[in-house]
Amino acid sequence: MDIAAILDDIGAAMARATDRGRVATYIPQLARVDPARFGMAVALPDGRLFTTGDAAVPFSIQSISKVFTLALALGRMGDQIWARVGREPSGQAFNSILQLEHERGIPRNPFINAGAIVTTDAALAGHAPREFLGELLRFIRAAAGDDDIHINDRIAASEQATGDLNRALAYFMAAHGNMVNPVDMTLGAYFHQCAVDMTCVQLARAALFLTGAPGAPALVSAARRRRINAMMMLCGHYDASGDFAYRVGLPGKSGVGGGIMVVAPGRAGIAVWSPGLNAQGNSKLGTESVEMLARATGWSVFD
Amino acid sequence: MDIAAILDDIGAAMARATDRGRVATYIPQLARVDPARFGMAVALPDGRLFTTGDAAVPFSIQSISKVFTLALALGRMGDQIWARVGREPSGQAFNSILQLEHERGIPRNPFINAGAIVTTDAALAGHAPREFLGELLRFIRAAAGDDDIHINDRIAASEQATGDLNRALAYFMAAHGNMVNPVDMTLGAYFHQCAVDMTCVQLARAALFLTGAPGAPALVSAARRRRINAMMMLCGHYDASGDFAYRVGLPGKSGVGGGIMVVAPGRAGIAVWSPGLNAQGNSKLGTESVEMLARATGWSVFD
Amino acid sequence: MDIAAILDDIGAAMARATDRGRVATYIPQLARVDPARFGMAVALPDGRLFTTGDAAVPFSIQSISKVFTLALALGRMGDQIWARVGREPSGQAFNSILQLEHERGIPRNPFINAGAIVTTDAALAGHAPREFLGELLRFIRAAAGDDDIHINDRIAASEQATGDLNRALAYFMAAHGNMVNPVDMTLGAYFHQCAVDMTCVQLARAALFLTGAPGAPALVSAARRRRINAMMMLCGHYDASGDFAYRVGLPGKSGVGGGIMVVAPGRAGIAVWSPGLNAQGNSKLGTESVEMLARATGWSVFD
Amino acid sequence: MDIAAILDDIGAAMARATDRGRVATYIPQLARVDPARFGMAVALPDGRLFTTGDAAVPFSIQSISKVFTLALALGRMGDQIWARVGREPSGQAFNSILQLEHERGIPRNPFINAGAIVTTDAALAGHAPREFLGELLRFIRAAAGDDDIHINDRIAASEQATGDLNRALAYFMAAHGNMVNPVDMTLGAYFHQCAVDMTCVQLARAALFLTGAPGAPALVSAARRRRINAMMMLCGHYDASGDFAYRVGLPGKSGVGGGIMVVAPGRAGIAVWSPGLNAQGNSKLGTESVEMLARATGWSVFD
C-alpha cells in the first residue's frame, strides 16, 4: 500500500474543495485561523511517517485533549470513574445540559463537555491544577515522542472568558454532588487542557499508543486501550459519531479547532486538521479526508 | 486458537450463573421460556461450526430481524433510506417517542422501534406484506444456508395484540409524513418480522455475510456491509450500545427474546441466546458470554 | 356600563385591523373561512344580549367543546377523572407527546388534545359514541337555550382523515393503560365533538352556566363550576394561557376555528370569533377584543 | 361574615392534623423549624386584622419575595422585562434547567428560580446589591406598614453555601446573554432577597397593595396589580399552580419556608405559615387552610 500516494491524492482533493465548512468563532484565536489550512499525517508503529499539507503547523487540539485526560483519569481511578460518568452516546449536542437533569448530574460519556469536566475533576485527584497540567503534558509528550508541546495561554484565557456554559454544567454537577474539587479549580484545569497546541505530526504519533501495535508506546494496558477506542468510536464526534462510524469506521476524536485524531487499531495513528466545521461541529474536510483514507487503505474496523 | 475449548469454558461458566436476568413478559410466548436456557454458536467462514448448550433450540429473534430488514431496505432504496431514518445513537430507551417529536418524525436510527418501522415501511416498497415477509425469509435462509427458518404465527399475533406503543410511534411518524404505506399494513409486516424463530446455529451462520471474509455469502456490497456493522456497533444494543462496545468491542444486535447476533469482521459469525435480560433489555448472560469470547479470542475490533 | 357602546368600539377597532393572524389550514373546511369575519356577543344572566359583527354566523367551535365534555365527564365520574388526567398547565404545545412519556400516559390537563381524548374516553362510559354525542348536544343546547346546534359532518370527516397525531396520542395512552374504550371508538367520538358548529350568540349564552350568576342555568354544582373556570384560566389557551390571564384576566377556552368562549364569573358569558390565529394557535383579534372588553368593563377577576 | 370564627375553625382543624408534610432541609435554618407551627392572618383594607395560631412569629418568606422583586423590576423596566422572562407556567419543577435550554436562556416566568434570578438582575439596574436590597425592604415595609422587617443574614449565608443549582441556572442564562450584571453580584442579591423574615400579620398586610381595594396601599398601577395577580394565579405554586387554582381559586405565592401569601382581589390580604411541605414543595397545611378559607368566605375569583 502506497500511503504517500494516498495522502497526496487526499491533499490534492482537499485543495480543490470549495465548501470548507465554517471556522469556529466563539473565541477570537480560533476565528482568526485561515480556513484554507489543511494538514494530515499518518504515523506507523515502525516509525515511518507520511504527511500532506500543513502537517507541521500547530493548532489548538481543544476537545481532542479529552482522550488524554480520560487515559490519565483511568490511570488514577480505574473503573471507579464510571460511577461518575457514563459511557453511552448522548443523543444531544456536545454542550447540552438536558441530559444532566434527567440523569441527576451524571454525564453520559467522557467526551461531551460535562463528562470531560468530571474526568478532569477526577484526574486532579487532590493535586493542584498546575501539577495536573504538567502531568498531562508529560503524557502527551511521551505519547508523541516530542517535548515541544505546550499550552497556549492566550487560548486558555479566552476559554476562561467565554466559559459560562461550562460553568453552568459544572455547578449543575456540583449541585448533584458530582464535583470533588472547587468548581473554579476544576474549570481552570479544564480550560487549560483544551488549549494545548499540537501539529498533525505530533498528534498522529500521539495516537499510536492506542493502536496496540508492536513498537507503539505502551502507556496504558491493553484492556484500557480497547476501551478508550470504544469510547472514541461511540462518542468521539458528539452527535455525529454514528455518521463518522458509518463513513470512516475508525475510532476518532474531534476538536472544535478543526483537528481530528484517529486510531487504526494495530496499524496507524492518524491526524488531520482543517479549521472549517460542519453542522455537527466536526472538521468538514477532516472528516472527508479520513473517509478517503479509510476507503483507500481498507483500515475500517468493520471490514 | 481452540474455539471449542473457549465455548466449553463459557458454557460451564454460564451454567453456574445464579443471576440470569429477567425474562421478558410483555407477551406470553416470551414469558414462558425457561430462563435456564443458554446456547452459543460460532460459525467460521470456512464452514466450521462450534457450539455449546442449547445452540440448536429455536428462539424468537425479535429485534435481531431489524438487521436483515435494514439490509433489504438498503438494497431497495440505497442511501435514500437515510432521508427517512438517521444513523445516530438515540440516547433514549428503545421505544421512546420523545426524540421523534424533537426531530419531527425522523427516528434516530434503524434499530430503535420507530426506525425499524420506517425501515420496514421502506422495504415494503409497494409490495404486499406477504411478499415482503417471503423475501425477508429468503434473505435470512440464504444467509444462514438453511431453509428451515419460519415465522412463529402465535408470537406475531401476540405482538399485534400488545402493539399499542408501536402504533403510537407509527401514527406519529405518519402525522409527520414519514410513512408511505397505511400504518396497519406496515405494522402487520413489522409484527411478523419480529416473530422469526431461529437457533443459535442458524443465526451465527446468518451473520457470516457481514464478516466480509472470503467464503462468506456475498449478499450485500462491501461498503454496505461495513455500514451495517457500524450501525450495529453504534446502536445495536439500545441505550447500552456504549457498554457493549466497551466490554465486547464487536458489532452486535440484541433481541428481547434473549438472543444476540454478533459479527467479528473478517473472522466469524456469532450467536448467543439466554432469555434473561439486564436492566437495559439485552440478554444478561448473552452479553457476558460474548465478552468472555471476545477477550479469549482477541477479536475486538479495537485491538 | 354601556356594553353596547363598548362592543361597537371593539367591532370598529377590529374592522380596522390589518394583521388578522393566519387562518388554520389543516383541514379544508377551516382553510376556506373568510379571515375578514369577526363577531362578538355578550350574554348577561338577566337575558340581555349584546353583539357586534358576525355574531349570528355559525363557526366550528373545535376545542371549545372540551369544556362541555369535561363538564359531562365530571358529571359521570366526579373527581375520579383526575386519576386519569392532571390539572396543571402543560408548558408544551397543545399536541405534544413529550409530556405523556415523562408522565407515563397521564396527560397534564383536560384541554390539551391528549387530555381531551381521555376526557372523552371517560365521558363515553360504556355508551356508544352516538349516545355520547347526543348527550353532549343536549348539554350544549340546554346551556345555550337553543336547539339549533349541530355537528358538522364534513368537518368531522376531515378531522378523521387528518387525525394521525391524535391517533398517536391515543395509542400511546392505550399502551400505558389510560384508555377504557377501543381507540377507534373514542377517537370517533372525539373527532365529532370537535365539529360542533355554533354562533357567538349561542356560545356566549352557553357560557352562562359557568358564571354562577342568579338566573344562569344551573347545569353543574357550584364547586364544579369554580373548578372548570380554574382549569380554563390555567390551561384554556394552550401555551399562551399565562398571556391570556395577564392581558384579559378571565377564564376562557379557545378553538382552532378562531372562537373563544369566556366567562366573567357572576357577570356574563362572552364569545368572540375571528378566524385568524396568532403564533400560539389562538384567535388573534379574538384575544385582542376580549382584552379590550375586560379593560372597558373592569371584569378581570384580578381586579 | 365572621372571619374570626372561620379562622378559629381553621386553626382548630390544623391543630388536629397528623400529616403535616415534610419540612425543607436543604439549609439547616429551615430544617430546625418546628413542624407543629401554624399561623394565619387575614388583613382587610379597612385595617381590620384577624389571626390564628403563630401569626406573629417570623419565618423565612423565601420565594414569596419574588412577588415584591417583580413589582420592583416592573417599576424599573416596565414591560421590557418580558423580553427577558416569559409569563407562562413552566410545566416543570421550580428549579429545572431543561426549559432554559429549549428556550435559549429565557425562563418561563418570574416565579421559578431562573426567572426570579433574571428579575433580580433586572431590578438591580446598575445599582449595588446593597442598594437594591434596601429598596426591596423599603417596598415591603411600606406595603406591610411595618418597619420591623429584616433580612436574616444566617439564612442568606446558608443560601450562598448551598446555591450551586442557582449558580448553574445563572451561568446558563449568562451564556445565553440574559444576565446584565456579573453572576456573583446578582446571585448575592438573590440569596439575600430570599432570606427576608416576616410574620403572617406582616405578610397579610403586605399583600393588600395587590387587592386594589379602596384603602389599600397604592404601590403599583391598577394594570400592573392585575398582572402580578395573574402571574401568581398561573405560576405561583410551581408545578402545583393548577391544583391551587382548582382548590383555592385565588392568586398566591408560596415559599419553601412554608409560607403562602394570598390575594383576594378587592377584599383581603392573606398569609399562612406551616413549615411542612407537600410533594410539590408548597406548604401542606397552608394550602389546606387557604382552601378552607376560600370555601367559607366565597372569595374564589371563579365564583
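Remarks
Chains: A, B, C and D, in written order; residue numbering restarts at 1 for each.
By definition in this document, a residue touches a chain if its C-beta (ideal position, glycine included) is under 8 Å from a C-beta of that chain, and two chains touch if they have at least 3 such contacts.
What you are looking at is a predicted structure, and each value in this text was computed from that prediction instead of being measured.
Shared contact partners of subunit A and subunit B do not exist in this assembly. Summarising the inter-chain layout, the chain whose CA centre lies farthest from the centre of subunit B is D. Mean C-alpha position of subunit C lies 32 Å from that of subunit D.
Rounded to whole angstrom units, the spacing between the C-alpha centres of subunit A and subunit D is 47. If you average the CA atoms of subunit A and of subunit C, the two centres end up 55 Å from each other. In subunit A, no residue touches two or more other chains. The residues of subunit C lying in touch with subunit D in their complex are 86-92, 99, 108-109, 212, 222, 225-227, 229-231, 233-235, 239-243, 245-246, 249, 251, 265-266, 300-303. Of all residues in subunit A, those touching subunit D in their complex are 96-98, 100-101, 164-165, 167-172, 174-175, 183.
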